[in-house]
Structure formats: C-alpha cells, structure tokens
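Structures incoming, each one as structure tokens.
Here chain A shows up in two complexes: once beside chain B, once beside chain C.
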Partner chain A sequence: MRIKKNIAISESGFMFNPITGESFTVNPIGTEILQMINDGFESDQIIEAICNKYQVDQHTFDKDLTDFTGMLDHHHLSQHHDKEEA
Partner chain B sequence: MEKLRYERPIIRRLDSEMPNKFGMRTDYRPTTQIEGVAVKTLIEEFGSPLFVISEKVLRSQYRKARKAFTTRYPKVQFAWSYKTNYISAVCNVFHQEGSWAEVVSGFEFQKALGNGVEGSKIIFNGPDKSEEDLEMAIKHNSLIHIDHLDELYTLTELADRHKTKPRVAIRVNMDTGVYPMWDRFGFNYENGQAWDALNKIMHSGKLELVGLHCHIGTFMLSTQAYAVAAGKLAELAIGVQRKFNHTIKYIDMGGGFTSKNTLKGAYLPGSDTNPSFDDYAEAITTALLNADFTAEYLPTLILETGRALVDEAGYVLGTVISNKRSSKGKRITIVDIGVNLMFTSFWYDHKVTPAQEFTQYAEDTTLNGPLCMNIDVIRESVSLPLLNKGDNIVVHSVGAYNMTQWMQFITLRPAVVMIDVDGKPHIIREKENLNTVNGQERIPIHLNRFEL
Partner chain C sequence: MTRKKLNIAVTGLNAIDSPGPGVAVIRGLLEAKSFDANIVGLAYESLEPGIYMHNLVSKTYQVPYPSAGVDVLLDRLQFIHQKEHLDVIIPNFDAELYSYIKIEGELNAMGIHIFLPTMTQLEERHKINLFDFGKKYAIKVPKSKVIYEISDIYDLQKEFEMPVVVKGKFYDAGIASNIDQVKSLFKKISAKWGLPIIIQEFVQGTEFNITGLGDGKGNTIAAVPMRKQYITDKGKAWGGISIADQTMLDLTNHFIGSTKWRGGFELELMKDKNNEFNLLEINPRMPAWIYLAVGVGQNIPEALVRMALGEEVTPYTTYDIGKMFIRYAWDMIVDISEFQKISTSGEL
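After this line comes the complex of A and B, so read on.
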C-alpha cells in the first residue's frame, strides 16, 4: 500500500485531503510509519524497524499496524499497489 | 541502546463542527496510586478487577456532612444506609463515626446486629417486613417505619401478642414538586392517608409513635424539594402535638443526596453542578427551624444519606483485555470490569482514568466489559488516551450500590480492599471462588452421571 499522492503530510503529524477537505492528526509513531510507507517499506520491514526501536513485541505491533492501516483505508487516505488511484 | 516507550499509532480526523465550549478532556493525569498505594501493586497483590475503598474518604465525607447539619441544627443523627454498601468494614467506619443503622430487610437487620449495632439504634424501613422480621425488631426495641396499613395492623396484633408497645414512625410520601413522585412507599400526605394512619396509631394506643419519615427520591438535584418535604412533615408533627398532645421525637428525612457522579445525559459534570451537603442542610434545617416547633419540642433530625457518603470513597481497578474497531471505525477497548460489577454504569458516565503515564493523544472510545452480552458497556463514549493490552484503568466514584447490587454473572465477583487511614490495604471481602457458587447447589442423584 501507499499513501495517495494528493494527501499532504507534515512532519508534525498533520494530514490534509484536498479533495474532501478533511484534516487528520497522527501521533509521532504514526507519522514515522507514514514516512516508511511513503519510502516504500513493506509491512514486515515496518514491523522490524519499529520493534527494533520501541518497547513492543511483534504480535502487538502487527495488530496495531493492521489497525492503523485499516484506519488509513477507512479515511480513504491510502491505495493499494494493484488499484488505480481514486 | 535502550528501546523507546511504545505508543500505538493512531490517526484521528479533526472535526470542523462547533467546538465544545467546555473543552475536551479534563483529566490529563493518570491515577497511579490510591491513598498512597500504587494501583499496580494493588492489582498484583489482590488481582484484577478489584474494588478499593478509602477509609479516609469515608470518614471525611461523613464529617463534612455532619458538620453541614450540626452547625445549622441542634439535634442531628445519621443512620448508615445498609443497602448502599453493607460490607461490614464500611458499615463499621460509619458506626465508629456515630451513625446508627438504617436497614430495609431482615437480612440487613441481622447484619447490623452482627456488626454490634444496638437494636434501639436500628431504623427498619421498607415495604417487605415479614412477621418474623417485625418480631425481631420489636424484641430489639428498634425504630420501625411503617410502610402500609397491612404492616400497621400486623404490628398492632404483634403488640397485643407480645404485650409490648413497639416504637414506630410512618413513612410519608408527598408532592415536593419533582418528577417522578415516589408515591409507592408509605402513606400519601396530600390525600390524607398519612394523617389517617397517624390517627389510627394514636387512637389504638398500642404503638408508640416516635417519628415521621420520608424519602422523596434518589439522586435529587433539587434541594428545594427537601425544604418542601421537611415543611410537610413538620405540619404533621405539629398536628399530632395539637390533637393528641403527643410529641414527635424525630423527623427522618431519608436519603437521596447526590454524589459527584455525572448522570447520563447531563450536560455538565456532576462535580460542578450537584448540590453540596451545605446546600441540602440549608434547605432542610431552615424549613424545620421555621416551622412552629417550640425550642422544647424541636424534633431530632435523622438523615439516612448513603450515596453521598460512600460513592467518592470507592474505586474499581481493571485491566485492558483488548483493543478493537467497530464497523464504523470507532475504537472499542475491552476491560475486565463488566456491568455485572458496575450496576451504576447504567446511571452514570463514570470518570475513567488510566493508571499509567500517557501522552496527549486520545481516541473517542467505547469501553466494554468482558461479558458475552451486548449490554456490557461501561462508557458508551469517552475520550481516552491510547491504552494497550495489559494496561490498567481506574473507575472513580463507585462506592455506592455497586457492592450490593453486583451480580455473580458469567464471572465471579472480585475482592474488595479497604485502604486504612495510614495507607495500609486490608481485604474486607474475599474474591469469590467456584465454591461460592457450587456450594449453594444440590444435584439430584439421577443427574449425577452422564456419558458424552
């Protein structure tokens, strides 16, 4: 997956969707994950990076990452490689 | 290199609707300890979930209430409402402070006796007093508050049979200007039932009429209603004095005072809006002092307030079981505290705080209990910091009714711990075990065996 090209992301965790006008806030670890997604990291690479850096086990983070990416989908902020950009 | 503290990633849509003029979250600090004892330590030692009661708060609430009334009225007596919390250690704190006992069943009566309360200092209320219960109350010279005529006639018969004169009061219900009017208990003032009952008692000569009682409602946000009630009871007392030259020794205003909890649907938090002890005391004592009692015959004022004394002293500690999303994307956090333990979650939006440090990020969360029932909702919507599995939470102001109305349902009931005034925790009710349930059961012989 990747973040849609038209979504603006600031370093401080502010996201803006110019099509819908919606704004979002993301916490620091979420911002870090967004950056990794934009850099082309796959899920297992993100899990490895976060688990190496933070006090979290793989199962817990895997579950939280699924939840986070699910919310990106829910808010129509992400797209998957096999789908055209909306 | 040491790893950094983890917080799960979240994304939150910013609402561009009208802002809440009272701000967002107000609790920015975790509750890491209760009366100096760490929440984590309590859970490690006594398990989760766990009810915790602060003896210090029990005593300070009682003293605050007592001061509010005794500074305004010369004769005041409190009676601890057993149904609000009848764990003996809790009752005994109030008895040590000088409270009598107010009970509403034979079981509660026996509990009060067992705690060492003299029978003459037990007030027996309620609509369901069996003949055995009444005989027990008569034998102990207790104050029997008559709820209906059937009880009055039974008492008259018992007085004859035992050749004694039981001490009685009648419970009076009335219109105090609030809705709903509690008219299912006692005798009505406006339609004359109360006056009829008083006449029956006085003319029978078999019962000693010592008091008048009312209990106008629960979680009463209006203090004026108490002023109206006190005025009406004073009228009845003065009527009895005039007609029979008989002095009513006490007026019992019952309970119903609010705690600082926030009722569901309330716009402002209860801590900011609910009346204080001083507010109630001012309304009640002013009405009594302004009535036509002479100083010599001023009745004792009895108060049976329960919730307002015990609610803030109680906490329930719990643990996060899991985090989920609803179909609409809303955060759901499941904790090990269910509505079977927290009956009051049907009435209040209880304050919930994490028991560990957290950041400023929060999510609108539905807090569910562990029961396999859809109604098991502790908070429908509460802004909570990001909780992880295994984190602990503290639910505040749960001292009233939860430890008497809790249900053994699906799970067993947890331990209750009291932290004494020196900060030492004591178990005051053991955690239940399988035998608590199975010990009461009997299996007929033909159901003892089966093959699958």
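After this line comes the complex of A and C, so read on.
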C-alpha cells in the first residue's frame, strides 16, 4: 500500500485530504510509519524496523499496524498497488 | 492609473449568529483591484451590525421590507439614489430578490445596475420546486413534498421514512423523527415564515457547499467548493475549508451550463454514504462565507459588480486549496446617538 499522492503530510504528523477537506493528526510513531509507507516499505519491513528500534514485540505491533493501516483505508487516505488512485 | 469609483449599495448587514452575507460581500468589494468601492448600506432593522461598521460602510439607509411592495421600495431607492448616485445594488436576501428582479428595468433607467437570476431561475430552484428542478436538470435531489395543511402530515408516513427534514419557505428547518415532531415543526416554522412547509427526505452524510457566479449564458465565472468544519446549532458554517473536489466543480458547471444561471449562488450539498452528492438547496445569492472565496483568490463580489456593469470578466480557473475561514463574534461599542439617528431618521 501507499499513501495517496494528493494527501499532504506534515513533519508534525498532520494529514490533509484536499478532496474532502478532512484533516487528521497522527503521533510521532504514526508519522514514522507513514514515512516508511511513502518510502515503499512493505508491512514486514515496517514491523522489522519498528521492532528493532522500539521495545515492542512483533505480535503486538503487527496488530497495531493492521489497525493503523485499516484506519488509513477507512478514511480513504491510502491505496493499494493494484488499484488506481481514486 | 486612477481606478474608477463606484457607489455600491449592499443589503444583508445583519452580521449576527445566523449572518446575512452583506458584510462579507463588502469586504470583497473593498479589496477589488479593478475599482474603488464606496459602500452604501441598505438595512431593514436598526440593530444590523453592518450599519455601525463605519470602516466598511460610509452611509446606511433603512429600506422597507419586501412585504411593503415594489412601489414603496422603488420610491425609497429613488430617494437614496438622488443622494448617493448609486452604480450597483447587491441584494443579499432571498426574500428581497423578487422585488429587485421586478424593478430591474426601472433601476436600469435610473442608471443603477443589478446582476440577479431571472424570475424563472429564481422560481424553479425554490425549495418548493427543487425536487422537480432536480429531475429536469438531472441533479440528485432528495425526495420532497410541499404541504399546506397540518392534516397533510398524516399521509407522510406512506411516502417517507422517518426522520424527515421540515423546512420553511424561505428560512428555518428542523429534523423530525416522528409525526408529532413534524407537527410541532410545522406549527413553529409556519408561524414564523408562513406556508407552505417543505418535507424533505433526510440524507445522512457530510455537508459541503459551493459558491459561484454564472454569467447568464451558461458559463462559470467563478466556483469555490468548501467543506463545513464547524456548524452552529442553526446549521450555519462557523468554520470551513476550501477543497479540490472535481465532482463538486463538475456539478456546478452542469448547474450553470444547463440553467444558464445569472448571478451569484450557493449550492448546499450532502455527500451520502455512497459518496454521492445530494443537492439540498440552491441559494440564489452569495453566501455569508463568500469572503473565503475572496481569500482563496476568486473575488466573486468584484466579478459580480463588473458583470452588472456589462463588462467582460475573465473566468477564474484556480483558487487556493486548504484555506480556512473561522468566523468570530465581535462586540462593537456604539453611542446611543447613532442608534437614535438610524432609528428616527432611517439614515446613519
């Protein structure tokens, strides 16, 4: 998956969807994950990077990442490689 | 190069919790690049805040309510014109547009210009006719029914699922979850605004608005879409943000192109769970949040004045996305002598 091209993300974790006018804030870890997604990291690479950097077990973070990417999907902020940008 | 000076009369100075567009329109006019505007306020009530904003309005005159008839209005405007040499009038209330459209010929003969929709355009987009309007122009409009008597309410359950929206002819609306609530809103709204009452299918979703300007030939001169971010208990936007929704812009171009809309307008839209836009209302004039359009690069009040004067106006094609407006309330301190003057002489 990747973040839609038109979504603006600030360094402080503020996301703005210019089509709908919706805005969101994510915490520093969320911002870091968004950066990894934008850099083309796959889920297993993100899990590895975060688990190496922070004190979190793989099982817990796997679940958190699934929740997080689910939220991105829910708010139409992300798209999957096999789908055209909406 | 000296810019031309224009005397422009503006109504809707009621910058209150459910504000008229006048003050926002005036701010746009004073920032116009193509002319210098001298603003003459036209007020109905002596406590309309714009009357006392002397940095925006140079002189204000009270004008008669539309119910007084067009002859009384014309007499009053002739008196004001003798003193102020008006070039353009911008009426900003739905209820007064009928009168101004009727006297457009007389105003033109006096040298005063207006730029309003035609009477046909005004009528067919009316809340009472909006459902048929949607069918005619292939625009998705929630199902609605016009009722004149309280006894008509009992038939609604056959045609509508609850909740429904109960709307007044010009202003006011409420959501009713059962027949008793419909009856209550019918009585409350009809007592204030008269009959008929409009019953509209309730659409759950997110509110979006778009303001624009049509040239009367089917061309879009300006269009700025906005998402409401903060809505008051009266349903008014207290904060909003400009957005880049192409579907909304396409809908606006379709609206202007198919109706050949003349003048400023606001489309009130509800995006439903299927991500489809439902047209809830067409306001036939600029909205109270029109200054957002000015702030993002489309000075619609300025363009409207130029079109009223018969000038060729190049359509706006871009605007800043992600700019917000946040409304605020401001207490002015006014000497009672000013209130006394507008109250007794009808001028300030």
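Criterion: the second predicted complex is superposed on the first by the 86 of 86 C-alpha atoms of A that agree within 3 Å, B and C clash if a C-alpha of one lies under 4 Å from a C-alpha of the other, contacts with A are read in each partner's own complex, and residues count from 1 in each chain.
Throughout what follows, a residue touches a chain if its C-beta (ideal position, glycine included) is under 8 Å from a C-beta of that chain, and two chains touch if they have at least 3 such contacts.
Just so it is clear, the model here is predicted, and its values are computed rather than measured.
Applying the stated contact rule after C-alpha superposition, one finds that A:Lys53 touches chain B and leaves chain C untouched. Once the two complexes are laid over each other on the shared chain, residue contacts for A:Ala8 go to chain C alone; chain B is not touched. Shared-chain residue A:Thr20: touches chain C; no touch with chain B. Within the superposed three-chain arrangement, the count of touched residues of chain A is higher for B, of the candidates chain B and chain C. Looking at the shared chain after the overlay, A:Met71 reaches chain B, while chain C stays out of its contact range.
The interface of chain A with chain B overlaps its interface with chain C at residues 22-23. On chain A, the positions that touch chain C within their shared complex are 6, 8, 16, 18-23.
Chain B makes touch with chain A in their complex at residues 3-14, 16, 323, 325, 329, 359, 361, 386, 388-389. Considering their complex, residues 206, 208, 226-227, 229, 240-246, 321-322 of chain C touch chain A. The residues of chain A lying in touch with chain B in their complex are 15, 22-30, 33, 52-56, 60-61, 64-65, 67-68, 70-72, 74-75, 77.
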